[in-house]
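Heads up, the next two complexes both have subunit A, just with different partners, subunit B and then subunit C.
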Partner chain A sequence: MNSKTIKVDMLARVEGEGALYVRLKGDQVADVKFKIFEPPRFFEALLRGRSFADAPDITARICGICPVAYQMSAVHAMEDAFGVQIDPQIRALRRLLYCGEWIESHTLHVFMLHAPDFLGYADVVQMAKDHPVVVKRALELKKVGNAVITLLGGRAIHPVNVRVGGFYKVPSKRELAPLAEQLKWARDAALETVRWTAGLPFPDFEQDYEFVALQHPKEYPFNEGRLVSNKGLNIAVREYDETFVEEHIPYTNALHSRLKARGAYFVGPLARYSLNFDRLSPLAQEAARAAGLGTICQNPFESIIVRSIEILYACDEALHLIDAYEMPERPAAEIPPCAATGYACTEAPRGMLYHRYQLDETGQILDAKIVPPTSQNQKIIEDDLRRFIPQVLQLPEEQLTWRCEQTIRNYDPCISCATHFLKLHITRE
Partner chain B sequence: MAQPHKPKLAVWKFASCDGCQLSLLDCEDELLEIAGRVEIASFPEASRTRVSGPYDLSLVEGSITTPHDAGRIQEVRRASRFLVTIGACATSGGIQALRNFKDVREFTSIVYATPSYIETLATSTPIADHVRVDFELRGCPINKEQLVEVISAFLHGRKPNTPPHSVCIECKLRSTVCVMVAHGTPCLGPVTHAGCGAICPAYHRGCYGCFGPKETPNTASLSRRWDELGASGQTLLRVYRSFNAQAEAFREESNVYEQ
Partner chain C sequence: MPQLILIIGIGNEYRSDDAVGLVVARALQARKLSGASILEATGEGIALMEVWKSSDAVILVDAVASGAPAGTIHQLDVQTSPISPDFFALSTHAFGVAQAIELARVLGDLPPRLVVYGIEARRFVAGTGLSPEVERAAHATVERVARLAQSWLQS
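Here is the complex of A and B:
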C-alpha cells in the first residue's frame, strides 16, 4: 500500500506560527497533526500579582489582530467579579468598538488571508494585479474598521482607552458623526463583499458540527449572553469550567478544548450565524438569503461568506449605535475591589473567548484562565482535514497541500492567541 | 535591458502577538505602493511565497524565548543585509520578559510541570542581545507611519527620522494639557520614547510607557513625583515592569522597588 506524507512546515496566511502533518496510507488518512509551534508566552503566569486594572492592557498583547476581544473579555470578567453595573451608553460604546474590530479583522481575513485560496493566488498583492478594484475596496473597508477602533480606543492595535468600568474618555455625539459617514460607505462595500464572496467556488463539504456561541435574548452576540449550542448546551458563562475541559496533546503548544459531554465543538462566525440568524439585522439577513445561504451554514469553506455578512452586520449595527448614542455623564463606573472570582465570554472575530480571574480584596490577580477561540477549534480543524482530504486526494501534491492549508484557514486560526498558556502536561501512551 | 533590482523584503516572527507586522498590512493607503517598490520575498502572515535569501531588508518582530529561536535569529542575521527590529518584543523582550524577574525556583516549577516541553528559555531577550541590529523601531505596537518612514529611508539609503525625545514633546506638539500637572494623573511620558503621538494623555490617562525609555531618562526623579502623587512602591514596580520591562532604564528603576 502506498504511503504518503503531506508536510506544511510553515503555515502561511495565518496569525502566528503553525505547521501541518498528514500521513496517508493509500486513500486513507492515517494521521493528522495540526501543530502549533509558536513559543508560549505565559500570560496566565505573568498576570499573577498584577492589578485587576492592568488586565485589559496586558491581555490585549496576546493578539495584535484581536486586542479588543481580549480587552472586552477582561473588563467584563472584572466587572462580574466586583458586581459592577455599567452605564447603558458605555455598553453601547463597547459594542461599537467591537463592531470596529469585526470589520477590520474579518476584512483582513476575507480578502488578505482567505480569498487568495479560492482564486489561486499566493497573497493579496498578487491578487491585486488582476483584481485591483476588489482589493482597493477591501483596503478601504478595513480602514473604516480601524477608524472606529482608533476613535474609541486611541489606536487600532492595542487600544489605550479601555478600562474596567468603561473608558478613560468617552466621545461626544458630535465626535462620532464623521464615523457614520465612513460607515455608510462601508455598509455598501460590505454588501458588495457578500455578493463577491458568494460567487467564489465552494467544495461540497457540509458537516454535522456542534456549534457553540453566545446567545443574547435580542442582539447578535458581542459581549454577553448564555453559552448555547445546536446540540442542547445552554449554560451561564460561569458554568464554563464545569462544561468544557482543556486537554494536553503532545505535539502542539496549544491546549485542545472539548465539551466534557460530547467532545469537539466549533466556535466562530459559522457558530454565531447558525445559532443567531434571527438576531442579525434585516439587511444582513436579506444579504444572506440573496447569497444563497440558509439560516444555518454547515460548510466551513463558506465561512468567507458568513464573515462578509458579519462585516455587513457590524457596519449596520455601528450606524444604529451611533445614531442612538448619547454621551454618558461619566466615562467609567466606580470600581470597588473585593476578593472574588469573575467570569466572562465575549465573541472575538474568531469565536468565543473565555476569561476567568480570581482576585484578592485589593483587586490583585491571584489566578487567571484564558481560553482563546483557536484552542477551542483545533480538534474540529483536524476533524475537517480527516474528512476533507479523501475528497481531494487525487489532486497533484502542490494543490493537495494548498487545499489542506485552505481547510485550516477556514477557521482564521490565531496561533499567537492559542499559545499564551501557563502549563502544559504531556500525555504518553 | 536588465530590470532594475528590486530590494528583497523579509518579515520574521519570534515570540510576539503579530501586532507589529500587522501594522504593515494596516498601511491601507501605502501597502500596494510598498509592494510595488520591494519584492516581498518572505512574509508568512500575508503570503505563501518563499523566495530564498539573501534579503536586502529584514523586519524582525518578537523576542528570543527558545533555544531554537536563539539559533534561528543567527540564520536570519546571516541572510540579511539590513536588519531592523520592530516593536517592544524585538527591541526590549516584550511583555513576556516579565518572566525574567520571577523567582528562579518559582519559574522552574512552572517549567518543570512541562518536562518534555520543547525547551523554553528562562528569559525573554531582545534581538540585539543575540545579533547585530541595524535599526530599532520602538513601540507596543509600532507606529505604522514610523514603519513607512523606516522602509522609505531604507529605499532611499538614508537614516530613518524617528526622534528620540520624550512623549512630553509630542504632547506639547498636539497641544494636550499635561495630565500630571493639571490633573495629578501619574504619567510615564517624561521618561518614555516618543513615537506613538502621545495618545494616552489625549485620552485622559497617563502614558504607560509602551514605547520604552527615551534617551537619558531620569526615572528616579519621575518616581519621586509619582510618590508625591500617592503611588505606592508596588505601583511603581508594576508600571516600569510592563511591555518594556527588560529595557535597561525601566528594569533598573523597577528593581529599586523590589521587596
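Here is the complex of A and C:
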C-alpha cells in the first residue's frame, strides 16, 4: 500500500471551544473565568420558520452524546403547546429510550473521561494498559445503552424514529425481549461499577449548593415533573423563564444562567440524586448506601459514584419497563397544530434541559429557546474552582492544572452543547 | 483481500468545514462503490470502535486542525503511526477519533487495515457550507478514497 505518514497534532471534531483562565495572587485566587462558546444560540435561529415536526431531529444534532435529551425536550414542548395526550406505553418507551441514553452517556463519562483523573492517568488509553478488564467491561456496558437506543431510535448515533406525538414505529413485546437479556448483564456490571467507583480517592470538598432538578410524584425523573430545589424552589416548567435568567457575561459567548432570586444553581446527577433519592429503585438505593453515600451528596467529586448509581437505576428501570410493556395500538398521537407556546424540561445525563417554542397556527416555529445543562452549571463550575484551588495551590503547575480539569470534569460539561476543547491558562502574580 | 471495506465519514453538518467528512461520505455513496459500505458518524469514539470492530478494512474521513494550510489532505496509516497523544489532554468531554484509535490499539481491537484521511479545515464556526479550499480537498479525497478502496479489493 502506498501511503505517507504525517504527524498531525490534532485530529478533532471541533464543535465548540472552551477555556479556563485562573489568576493567582500569591496564595489567593484572584480571578476565575470559565469561557465557552455554545451552539444552541445558532440552533435557536435555525429553528425559526421550520415546522414543529422538524424540531426533534434538528435539535438532536446539537449533541452527539445526548441527542435523546434534545429530542425528548423538543417533543414534550410541542405536545405541551398543542395540548396532546400521550399513550402511557409511548411514555414508557420514551423512558426506556432515556435509560439507553443515560447508560451510554454516563458510562462514557465515568470510565473514559473521569476515572483516569482519580487514578492518575493522563487518559483512558493509559488506564487501559493497566486495567484492560475494567475498560473492556465499560465498552460492553456502553454497548447495551447503544442497543436500547438503536432498537427504539432506529440507529445508534442520531436516532431517527422519534416524532412529536410518539414514534414512527414501535417495537413489539417480542422485539424488546433480547434487550432484557443484555440489560440483566448490564445491571450486574453497573452494580460492579458502583462498587469500583466508591473505592476511588475523593478530596474532602462538600459544598452547600442549591440543587435544581425535575421531581415526579413517583418516578426518578427523566422527562416529566416540577422543577424543585433544596432551597425552596417548586415551580411548573412553564414558569422557568420567570424564575431563571440568562445573562451575557463580557468574557464569554455563552450565557450564564442563574436563579433570579438567589444566583448560581447546580443541575445534573448530584442534584437529581439529592432531590429524588427516595424515588430510586430499591436496588439503586441499596447500592448507594453500600457505597457510603447518604441520601444527599454534596461533594461534586463523588458525582462519579452518583453517575454509576444512575447507570444501575437506568438498567433496573429499563428491565421494569420492558417487563410491563404492551405494544400500543398506534405509534403516535394525532397532532393538531395551533398557535401556542410550549414548554418542557427533561433530564439530560448532565442535567435539566429546557426548551420553549412559540408556534403559529400552522405549527411553524416563530421563536425557540434552548438552555443546555452546561450553561446552567457554568457559574457553579467557576465557584467550585474558586473554592477548590486553595486546597491544591501548593501543587506543581502540571498537577494543579490536572486538578482544575478534574474539578470541571465533575460536571461532565458537554462538547457539543457547550465546549469541546478546554484550554487552561493559569497565571501567578 | 477484504470482504467489505467500511468507509466512515465523520462530522457535524452545522459546523462549517467540520462537515467535510460527511460531504465525502455522501459523494462516495452516490458512486455506489462495489464492495464498500458507507457510514456517517458524529465522531463519538466508542460508537466508532463498535462499528469498525467487525470490519477488517476501514477508511475514516474527518476534518483536522493541525495548523497546516486549509485544504491539506493528511493520510495516516494508523497501523504504522500513532495519533499524537497531545490531543488527549485538551478535551474535557470528548472521546473522539484519536482516542478511539489509540484505545483500540491498546486493547488489541484495531482493524487490520485502518487509514484515516484528515482534511485540514479553516472554519469550525456554527453554519453550513464548506470553505472553497476545503471543498476542493473534499473532491480530491473522494478520488483518493475510491482508489484506495479499489486497490484493497484487488490486493
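Observations on the model:
In this section, the second predicted complex is superposed on the first by the 395 of 429 C-alpha atoms of A that agree within 3 Å, B and C clash if a C-alpha of one lies under 4 Å from a C-alpha of the other, contacts with A are read in each partner's own complex, and residues count from 1 in each chain.
As a working rule, a residue touches a chain if its C-beta (ideal position, glycine included) is under 8 Å from a C-beta of that chain, and two chains touch if they have at least 3 such contacts.
On a predicted model such as this, the values are computed, not experimentally measured, just so you know.
Contacts of A:61 after superposition: both subunit B and subunit C are touched. Of the two partner chains placed around the shared chain by superposition, subunit B is the only one that A:160 touches, whereas subunit C remains out of contact. Contact with neither subunit B nor subunit C is seen for A:133 once the two complexes are overlaid on the shared chain.
In the superposed model, A:408 lies in contact with subunit C only, and not with subunit B.
Residue contacts after overlaying the shared chain place A:112 against subunit B and subunit C alike.
The interface of subunit A with subunit B overlaps its interface with subunit C at residues 10-15, 39, 41-43, 46, 61, 64-65, 108, 112-113, 122-125, 128, 135-136, 139, 142-143, 146, 156-158, 405, 416, 422-423. Touching subunit A in their complex are the following residues of subunit C: 10-15, 18, 41-47, 49-50, 62-68, 74-77, 80-81, 83-99, 102-103, 105-107, 113, 115-116, 118, 121, 124, 126-127, 148, 151-152, 155. The part of subunit A that touches subunit C in the complex is made up of residues 1, 3-15, 18, 39, 41-43, 46, 61, 64-65, 108-109, 112-113, 122-125, 128-129, 132, 135-136, 139, 142-143, 146, 156-158, 405, 408-409, 412-416, 419-423. The residues of subunit A lying in touch with subunit B in their complex are 10-17, 37-43, 45-46, 50-51, 54, 57-58, 61-65, 67, 108, 112-113, 116, 122-126, 128, 135-136, 139-140, 142-143, 146, 154-158, 160-161, 163, 167-169, 250, 253, 331, 402, 405, 416, 422-426.
Partner subunit A is touched in their complex by these residues of subunit B: 13-20, 22-23, 25-26, 28-29, 31-32, 35, 40, 43-49, 65-66, 69, 94-96, 98-99, 102, 110, 113-118, 120, 124, 140-141, 196, 199-200, 202-205, 208, 210, 238, 242-243.
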